[in-house]
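Below are two complexes that have subunit A in common, paired first with subunit B and then with subunit C.
Up next, the complex of A and B:
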């Protein structure tokens, strides 16, 4: 039993309209920005999209958020959410589709109406990158998954492949090891990129094995995953497999803001090193930026800074409100 | 030990205090061959302590077979939730983890007047010419799942043509196999239309509108593939 997650899902959004601050994204960055912004007494709305809690909510166990050892991702996310709501922020299930600059500030179009505001915080985070190999799209939900926390139980006693060598790949491989009969990690280099504590856990786990210097070429199967084709130093190799979990990095979710702010080659929002973007009045926080460290704590810190910058901006541009 | 922490119980009481009408919950369990029935009973019993608006009935699936058949209950634990006028929304399995927030939402919806869906979905429902059975497969650890489950439940609440079943995929391996569940949320409508992942309700309604005319062929219909087609193509496919 995993406990009970108390809370309400997707209340119909309140009337769209004008707020002091519109925050796109409901992960740790957006929720922290909302908490601070609401405490500055700014009218604040979070466009939560369809992934409450962001990537944090998808992480089974979090051991590096100070003060909360052994946190469960969804619990931490749901605490952040209720704290923001308690402070007075409004959270709606709307997802930003496009944001444009107008004379009155910014108009953010969502699938539930348009929200206007003098200040916009982009905190839409990042989504798992796809590999783009044959079979991946067709077998999604049929053995191909990007969420071990969601889907691990379907692979009880079965063989799974994990693609990647970073923190997420290793963390989720360890989570899968609690269910699967074997977990094979395929990594294109000869050493894991994951933090050493995680990497050594994986290498010691009797259920897990690593295939080094190799990459996945194809996922095969009819109605479900049956095998994978790897390119290995010893030549192509086909392995029988029941599931494939892909953790090869993330792609910033910035499509709605294309044209509004400058984006880097990798799609992340370009900032001045903190939270300021190329456009006045627009701030960015968390994994949506191109910062080197992408952690819950850095996302939350960005969120606090973005709210402070928003407050400061509104103080100096009173006409904007 | 209580399943609901003091803080959660407080939050639930606050949520339920906004309800203005009674909500009926009918739980079917049995003592034999049901590992999770007791847990479901405990969750429901703790929940019922948080509001007088909840009218809870616990039935034995074996000895109350007449009621069970009338309700069309095929698995236990089964929980039917509504305003008392219909039995179109049910949960199969223990509503724990994220599924608990789905349950809280469905209860609060039932006890509070007003539309829960926005216009595109309501328009779609009022134009429905056939009955829909929407099965949403979920797991307690899946944060995307409540969104898909709640959309199905809200459609069922809004239209007598729609029934929603929210199924804990781990607890019913046979059903999961039958509907080939290997990832959640997986939504299956009228046995053949399937969707992986959660969609905004308007997109889900649009996807159903596109998929329903294709059902006559008797073959599986992938809703995501329909929705990813460019608009013009899609409109002609919907005709």
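Up next, the complex of A and C:
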């Protein structure tokens, strides 16, 4: 038997302290892991970080989460959160700074104290990648954006450029089409990577156009974005533009776990194909892993698997508790 | 007295930012913006902790003219004023600790 009950092993004097399971990250992966872990009766804390609900909460409309057609991202995320809390998980606004191996298992330092646990679930997700072109940083917030859900209303009747060709780029371009007078997608290949239903919506939308096989070289403007310089098959091309939305992939948020678990070249946590990492007792779920499909449903599925693996691990390692 | 995060209208903006002997931070926010909702409690706490600063929040939908004049095209955007002048512009969500460090660094710049 294992004494996996909060209060026996934990000393919950304030949020920091010891738990059975510490989950870093409060997006769909972390919240689902918390729901399952709490239902296994493991004392569970989610270090929510500063983006409650993760990227899902910043997505305007979600059409591919089964059972909830047309879900609003922030509503879905907030339902997941309250479901985890009702199941008994604690959610704290702490952000993981560094996790190390300790006698107790793992010690996760945060800006609100240190959390110790025999099991750690890494579900810190990913953040948008920057392009690194001239003008991008200087004009951020002055026409350059990484969040169409947040900033689309500023571009009512204006011209915007969307960089990228994946699901996010196309989804956000379609969202922008509801506001902007023209949405130009610039993509470095000759076909969109986005799922076909999204891609064909974009190609049929009269407001949207695609410039293929091209790259954004520079964003120009004084107090705001005025134009963009593209490298196209026909040579360099300058287009007048009021906004630039960048969706060229994401970078996994794994800095706190460097040295604890093996990371891939792209910074994602290396897993064995499910949720196991290079270190026993540490599991990874969602966009922080290097897996192909990065969706809310796959993140949630990972979270469930991570909690099940955590439960299994604790049963076989009673000494860890 | 601990400060509070005060909601102001677009018309009040010129008045509060003209105060010469105070540092002022104005958060341009919107009800439909997730990061703005996350930022709000951070600013409430900062307002209570940072005595040298006044904190205001303004809804860009209710202050379209002012936001437009200031070239704001992203929310949240925070503008720091000192001596009645804009001294810094911060775009996007920041947590309390990093905001505090940033504001302490620019005070009196």
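Here is the rule we use: the second predicted complex is superposed on the first by the 307 of 321 C-alpha atoms of A that agree within 3 Å, B and C clash if a C-alpha of one lies under 4 Å from a C-alpha of the other, contacts with A are read in each partner's own complex, and residues count from 1 in each chain.
Here, contacts are C-beta pairs under 8 Å (C-beta built on N, C-alpha and C of every residue); 3 or more make two chains touch, one makes a residue touch a chain.
The shown structure was predicted, so the numbers you read here are calculated from the model rather than taken from an experiment.
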Touched partner set for A:153, first subunit B, second subunit C, both or neither: both
Partner chain(s) touched by A:293 [first = subunit B, second = subunit C, both, neither]: neither
Touched partner set for A:142, first subunit B, second subunit C, both or neither: both
Which superposed partner A:82 touches (first subunit B, second subunit C, both, neither): first
Touched partner set for A:223, first subunit B, second subunit C, both or neither: both
Comparison of subunit B and subunit C by subunit A residues contacted: B
Footprint overlap on subunit A, where subunit B in one structure and subunit C in the other make contact: 50-53, 57-58, 74, 95, 111, 140-143, 145, 147, 149-151, 153-154, 223-224, 243
Complex contacts: residues of subunit C adjacent to subunit A: 30, 32-38, 60-61, 71-75, 77, 89, 91-93, 95, 97
Residue numbers on subunit A that touch subunit C, as the complex places them: 50-53, 57-58, 73-74, 95, 111, 140-143, 145, 147, 149-151, 153-155, 223-225, 243
Subunit A-touching residues of subunit B, taken from the complex the two chains share: 3-4, 8, 11-12, 15, 39, 43, 94, 96-98, 100-102, 104-105, 108, 115-118, 139-147, 149-151, 169-170, 176, 180-184, 186, 196-200, 202-203
Subunit A residues touching subunit B - in the complex, by the definition given at the top: 1-10, 12, 50-53, 57-58, 60, 74, 77, 82, 93, 95, 111-112, 140-143, 145, 147, 149-154, 223-224, 243
